[in-house]
Structure formats: C-alpha cells, structure tokens
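Presented sequentially are two complexes of subunit A, the first with subunit B as partner and the second with subunit C.
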Partner chain A sequence: MHPSLLLLADSRLPAGGHAHSGGLEPAVTAGTVTDIPSLTAFLRGRLATTGLVTAALAAAACALAVTATEPVEEDRLPGLPRAGGATGTGTPAEAATHRASDPPPSGTTTGTVNRATVTGDGGLAVAWEVLDAEADTRTPSPAQRRAARAQGRSLARVALRTWPSAALDVLARQGAHHPLVLGAATAAAGGGPRDAASIAAYGSVTGGASAGVRLLGLDPLGVNEALGGLAAAIDAVAAEAAGYAGRPWAELPAPSAPVLDLYAEAHAGADLRLFES
Partner chain B sequence: MTRSYAPRAAITAACDASGVTRLTRLRSDGPLAVRETPDAVYLVGAAASPLGGDDLALDVEVGAGARLTVRSAASALALPGDGPSRMTVRARVGAGAHLDYAPEPTVAARGCDHRAVTSVELAADATLRWREELVLGRHGEAPGAHTARFDVTLDGRPLLRHALDLTDPSVYTTAPVLGAARAVGSVLLAGPGLTTEPHTAEGLSVLPLTGPAVLVTATAADAATLRRRLTTGAERASRTPAPAC
Partner chain C sequence: MGAHFGHGADHHAATPPGGRALRLGIGGPVGSGKTALTAALCRVLRDELALAVVTNDIYTTEDADFLRREAVLSDDRITAVRTGACPHTAIRDDISANLDAVEALEQRHPGLDLVIVESGGDNLTALFSRGLADRQIFVLDVAGGDDVPRKGGLGVAAADLLVINKTDLAPLVGSDLELMASDAARVRDGKPVALTSLREAPGAPEVAAWVRRVVAGSREHAPA
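Moving on to the complex of A and B:
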C-alpha cells in the first residue's frame, strides 16, 4: 500500500478520531463491554454493521471522486437527473433484492448515470449531495449523523492541506459525512475504492479498540492481538463494500445496529463522558 | 412432494368523489389472503407460509386522499423448505393519502432462510405508520437466517434505508446489534408534526430522521415487551397521541 494511504489510515492522523469511541464508551457505561472478549465481540458486531455501511460509502465516494476527474465525452451530458434520480434508477425493491451475485438490473448501469451526474456546472456538488443523503438515510441516529459530520469536517481540513482536490473542496463546504470525505481523500491520495473501503473498515474498529484501552485499562498487547484476529473479517467487509462501487447508490448496504443507535443517543445526553461519541 | 408458492396479492384503496375511501382491488393468492373488515384490511394466512422456496409478494396502493389500514390475523412463521423464502412488499402512498401498516410479527423458525424486502414510495404529503416485528425462533429455539431490507422514499428522494442481517449469530448476538434480545422491531412514522427530539429508554430508541419522519426501534426479550416498547416509542414520536400499536 502506498505510504500516502498508510498516512490516511493512521490513527495519528490529526483528524480528531481520538475524540470518538464509536459507541464503545456508552457500551462500557452500560456494562456490556468489560474485558477483551466482550470488546472483541463488540468490534465484530460494529464492523459487520456500521463498518460495512461506512466502507461501502467510502468506496462509492472514492469512485465518484475518481470519475469526476476523468474527461467525459460530450454524448454523456444529458443534463442532471433530479436529486435522488441518480440513486434510484431501479425501483427500491429491485435495488434491495439485487445481490452481489446477480447481473446488474437493466437500466441501472449507474457508472454512466453517475458520470453524467457529475458533469457540468454544479453537477459535482449535486452528486455529492445525493451520496451524502444516502449516508443520512442509513444513519437513523441523529447523534451518529452529528458525529459523522464532525469527523468529516476534521478529516476534510487535514486532507485538503495534504492532498488538495476539487472533491474535497466541495465536501468541506457541504460538511459531508466522514466516509464520503475519506473516500474523496483516498482518491486524492492516489488510492481506489478498494483502498477506501479497507481504510474505512479498519477505522470502524480501531477507534473502539483504543478507546477500550483508555476506558477499561485493558492490556494494549491483548487488544492488539484481538484486532489482529479481526483482520480477515475487516478484509472481507472491505471486499464486500468495494463490490458495490459503480452500482446504484440506492443498493448500498444498510445493515443496522439497533443497540448501537440507542447507545449513541444515550451517550449524547450523558452528563459525564470522555469521548464525543 | 415439493411445492412452492409464488403468490401475488394486492390491495388498492382509492378515494371517491365524496371523499370516502373504497377498496377497488383486493386480490388474494395462495397463502396470502386479504379480507376486508370494517376497521382494516386483514392479511390472513390461508396456508403455512413462508416456507423455504416460497416467493410471496404483496402490492399495496393507496390513491390520492385515501386512507388504508392493514393488519394481519396472526403472526407469520418463516419455516425451512426447498431453498430460501422471500416476502416482497411494495407500497405506494399517493398525495394526501395515509397508510397504516402493522401486521403481527414474523417468527424466524429454526432452519429458515427468509428474506423480507420492503419498499415504500410516499408522495410529497403522504403520511405513514409502518410497523415491523421479528421474533428470533419459537420458544427455546435457535432461529434460522433472516434478513430484511426496508427502503422508503418521499417525493422521489430516499428517506430511510434500513436493513437487518440475522444470518450470523456471532454478529447479531453482539452488543451493538441485538445483544441477548430475542425480538426486534421498528415503527416508521412519516408526516408533519412529529417530534424532532431523540429519546431513549431500556431497549427503545426514538430517532428523528433527516426528513419529516421518526424511526422508533426496539429490542426485547419477548414479543409482548417489544410491542409495549414500540407503542411507547410511537406515542413519544407523535405530538398527537398515536393509535395503539
């Protein structure tokens, strides 16, 4: 992996990630995470739900950012579909029933749709807004939406300084969700959708792991061993997430974590807390 | 003998010139029977279903200005059989129309491999109450695989995309997903006048979405507790008292 991408995945990236526990602090408060085995289970559940959603959004964002920088042929300029149109060329039912193993449904070769969407004045901004709305619809918890936007802003500030790009400019202005900024930053740093998915999936568990060390005084060597044990699962989630890049955004996975949503809201209202989320 | 059902049932409600809702289409098919009663249209299981291999579909259409309430006579039991089973529900709610869809829970029996796919298209000023409940296995039983995907659009824009993947116990029994809960469910309310304040209680979250809608989610040890929590949450989400769940 290119050193620029290692830098982007590094927990020492000054993007404020250390202020978020990914729901681990409220889980510790609730008593459901107390030791390394329960921390590992927590991270496994988080990875398969929020981790998959954010990895797929990051991969889609990276694909969009890469597409937007490529020259576009004139016959691919049919004008902008209305907001939402780019994501909904198939009906939601078709989109939802479409599996990775199926051929793309007819009329939903969204590589072309997205490509058309991002051309022309303002088209790029509209496309990013549509993808950001897809992130909103997969994040029912208001506290998690706030945390995702706060982390997106912090990352955009860092990424724009190091890997400036038009996509990051737009996302910084829009205050976009973190995985979108991560995907655009990955593209600007020379990576592809699979890299963005890997960094997002990896980041979906490392924040909680280091929070576990700080909150519970867990053995850092043991926590690192647990993360190593999750490596194959992280890679599988990243591969699955990257498989959606180029497909209609409506189809992106949306597995929920009901208890994590509850924790996020309870934590936002808590008087005493170490982490923002 | 192997036999799979592929029923296509449908309910259409339309508003007549005097403003009264009429059911203009009630199509029962195989195990999916629909029956009109004074207070609601009921889904009645006319045969054991869904069984593995079944591909059931229900189409619900509520025309502009009409009001439709859908209930079910009993819970649905997802059973194993010849391959995976699928239940596809597609609903369209027109301008100024209201759909209240709240069937009894689905129970994921041991060995089932069921997928529930739901899409709801709301016109700009349509309103909705949509309840889904899932029970993981019958008494003392480990459930089979169950996945659900729920896509809702409002005026052509996505409002909620929410899935539940209960295929791998090493994932769904973890603290972030369900923990030790045996029942999980949600109520989606869409329309004006809903709360903008999130709220949580034991096993219950009231989550205002970005659009004019609130998602109430709950987890519980059993179906009765789940129903109570969802009812409490839906009341909390509505500024005016919600109908009993």
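Moving on to the complex of A and C:
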C-alpha cells in the first residue's frame, strides 16, 4: 500500500478520531464489554454491520471522486449508478439547487443519479448530496449521524491540507458523512475503491479497540493480538464492500445493529462520558 | 503578591492570520484553578473585548456548566469539547475538535477579539499546539508542591505566561513562594510569571493586564 494511504489509515492522523469510541463507551457502561473476549465479539459485530456499510460508502465515494477527475464519457461512469433509460434535462445550475431531501429532479429515479445530473460541477455537488443521503438512511441514530458528520468535517480539514482536491472541497462545504470524505481523500491520495474500503473497514474496529484500552485498562498487547485475529475478517469485509463500487447506490449494503443505535442515543444523553460517541 | 514579569515579556508577538480572534490556551494540572481564572478573565474583560470560551472537560461538561452558572458570558459563547480520555491529545496532537469549536464560535459571533481554550486538567508535559493557540498560559497552584517549577516540564518552561495560583494558601501548605518564583524564572528563560490569588484579588489583575497587552499586540501585527 502506498505510504500516503498508510497515513490516511494511521490512528495518529489528526482527524478527531481519538474523541470517538466507536460505540464502545456505552457498551462498557452497559456492562456488555468487560474484557478482551467481549471486546473482540463487539468489534466483530461492528465490523459486520457499521464496518461493511461504511466501507461500501467509502468505496462508492472513492469511485465517484475518481470519476469526477476524469473526462466523462458516455456509458462510462465507474462509480455511478445508472438510471434506466432516464434522460436528464436540468442544467448544472438547476441541479445544484436540488437537495437530496427534495423529490428527485426530472430525469432521475429515486435512489439513483443519472448521467446528466453528474456532469458539470453543480451536478457533481448533487451526486455527493445523494450519496450523503444514502449514508443518512443507513445511519438511523441521530447521534451517530452527528458523530459521522463531525468526523467527516475533521477528516476533510486535514485531508484538504495534505491532498487538496475538488471533491474534498465539495464535501467539506456540505459537511458530509465520514466515509464519503474518506473515499474522496483516498482518491486524492492516489488510491482506489478497494483501498478506501480497506481503510474504512480497518478504522471501524481500531477506534473501539483503542477506547477499550483507555476505558477498561485492557492489556494493549492482548488487544493488538485480538485485532490481528480480525485481519482476515477485515479484509473480507473490505473486498465485499469494494464490490459495490460500480453498482447503483440504492443497492449499497445496509445491515444494522439496533443495540448499537440505542447505545449511541443513550450515550448522547449521558452525564458522565469521556468520548463524544 | 505582585507580578514577576521578566525582561522578555511579549518578545514574540502572536500574529493570528487574517485579523481573526486571538486564541489563548489555558492549561495546567487538575485543580490548579484554570476554570476559576477563565471565569475571572471573562468577568474583567467582557466589557472591553468580544470574548468566547471553549472548555475541554475530562469527564463531564462541568467546566462549561460552571462558566454558564456563573454567567460570565452568554451560553452561546461557551462550547464544551470532549477529549476521549486524552486531554493532551485534544490540545496538541489532534486539535480538530477544538478547531471546529473555535471556528463555530467565530462564525456565530463575527468580530471576536479573543477565544479562550481551556484545557482539561493534564500533566506537566501538556502543551498547546501552535495550530490551536496563538498564546498560552500554564496554571500551577502552590498546594501542588513548591518543587513543581523546579521540576519544569513543557508547560512550566514553554508557556507564554506561567501563573502560580492560590498564593493565599502558601503559608498553610508550607510552600515557599520566593523559591517557586525563582525556580520558574530559571527554567523559563525570562518569560513572565504571575503570582495570583483569586481569593485576594478576584480579577487576577496581572493576568488580565497581560492578556490585554497580548490582544493589543496581535491587532498591531494583524494584516490589514
């Protein structure tokens, strides 16, 4: 892997991750996670749900960012879904005023973006908003959405400084979800969708692991051993997630972990907490 | 107890880019009086400077709540940041949450002169990143032991102003103020030291005067 991508995956990247426990703090508070075996089980569950969703979103975002830097050719939009038979007529300016929460503009079908809407800067902004809406729909907990946007902002700040790109500019302005920014940053740093998926899947377990060391005083060597044991599962999730990069966004995976959502909501209202989420 | 300002006061001017608010970090160990000093500065300076505060609470929003309860500033000028059990990380290695909070305050209140970022209580090696704070104050208290300045540490040695607080307690805890001041002067290479007692002088006049000078200096150096 290219050293730029290693920087992006490094937990020392100054992108605000240290203040988030990946849902572990409320699990510790609830008594669900108490030791390394229960931490490992928690991380496996997180990887299979949030991990897969964020990795697929990151891969899709990376594909879109790569597309945006290349000349657009008919029927060749690697990261983008295709609206069957739809023909867009809106100008980029019209498209830019369309928000993801509005009804789709003429020429698009729900959950897809057609070719015409993504050409031009305004159209690209809409495409990013639609992908961001896909992230919203896969993040039922408002607290987790806030956390994902806060981390997206922080990542955009450091990524723009190091690997400036038009896509990161748009996402920083939109305050997008973290996996979208991660995908765009991966593209800007020279990586592809599979790299973005790997970094996202890896990041979906390392934050919680580090929080476990801090909250429970777990043996860091034992926690690292547990992470090493998850390596094959991380890779498998990343490979599966990257497979969605060329498919319509509505088909992106959406497994959920309702207990994690409930924990996140409880945590946001807790009096005593060390981590933002 | 008077201020012990050294000859090197303000020898490196803070120059915030673009004429934005000066960002002042206030750090130091748990219980040294950072929040009380922040509250005192807000009370004394709020009528002459446009102010906002970011607190970095270790566990709760206690510090922000204290400032709100004391009504030193309106609620929307105080923001609390959580630090994930690593207060030094939030002010030094990964300042993004604090930058976010500072920039949100600057957007909400255009024309701010000063944003105080109060660190969560930390150890003697904690230092604000220059990416977050233009200037920084490190707060010790006499009850923490009069050998602390001699031991040094990054906070004691490098802060732009060292505050030795709670001087009224010195006789009660057997701390030698003269020793603390001279030890601090030795490790600080002439940078200023202020001895304060918020009980005896609730407005922390020496510290407030230093902050006024720093803010005025940053205005002079700010690009037009």
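Everything that follows uses one rule, which is that the second predicted complex is superposed on the first by the 231 of 277 C-alpha atoms of A that agree within 3 Å, B and C clash if a C-alpha of one lies under 4 Å from a C-alpha of the other, contacts with A are read in each partner's own complex, and residues count from 1 in each chain.
The rule is short, and it goes like this: a residue touches a chain if its C-beta (ideal position, glycine included) is under 8 Å from a C-beta of that chain, and two chains touch if they have at least 3 such contacts.
The structure displayed is predicted, hence computed values, not measured ones.
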* If you stack the two complexes on chain A, which partner ends up touching A:266: first (subunit B), second (subunit C), both, or neither? -> first
* To do: Based on the superposed arrangement, let me know which partner A:183 touches: subunit B (first), subunit C (second), both, or neither?
  => neither
* Please name the chain, subunit B or subunit C, that touches the greater number of residues in subunit A. => B
* Asked: After superposition on the shared chain, which partner residues are touched by A:33: those of subunit B (first), subunit C (second), both, or neither?
  -> first
* Give one of first, second, both or neither to describe whether A:48 is in contact with subunit B, with subunit C, with both, or with none. => first
* Applying the touch criterion given at the start, work out whether A:246 contacts subunit B, subunit C, both or neither, answering first, second, both or neither. => neither
* Classify the contacts of A:212 with the two partner chains as first (subunit B alone), second (subunit C alone), both, or neither. => neither
* To do: Would you sort A:150 into first (subunit B), second (subunit C), both or neither based on which partner it touches?
  => second
* Asked: How about subunit A: which of its residues touch subunit B in the complex?
  -> 23, 27, 30, 32-33, 38, 41-42, 44-46, 48-50, 82-85, 87-88, 91-93, 95-97, 133-134, 136-138, 140-143, 145, 250, 252-263, 265-266, 268-269
* Okay, in this complex, where on subunit C does subunit A touch? -> 58-60, 81-86, 89-90, 93-97, 99-100
* Asked: In their shared complex, at which residues does subunit B touch subunit A?
  -> 86, 88, 90, 115, 117-121, 149, 151-153, 156-165, 168, 170-172, 174-179, 181, 184, 198-200, 203-205, 207-210, 215, 217-219
* Using the touch rule from the top, collect the residues of subunit A that touch subunit C in their complex. => 12-21, 150, 153-154, 157-158, 211, 214-215, 271-276
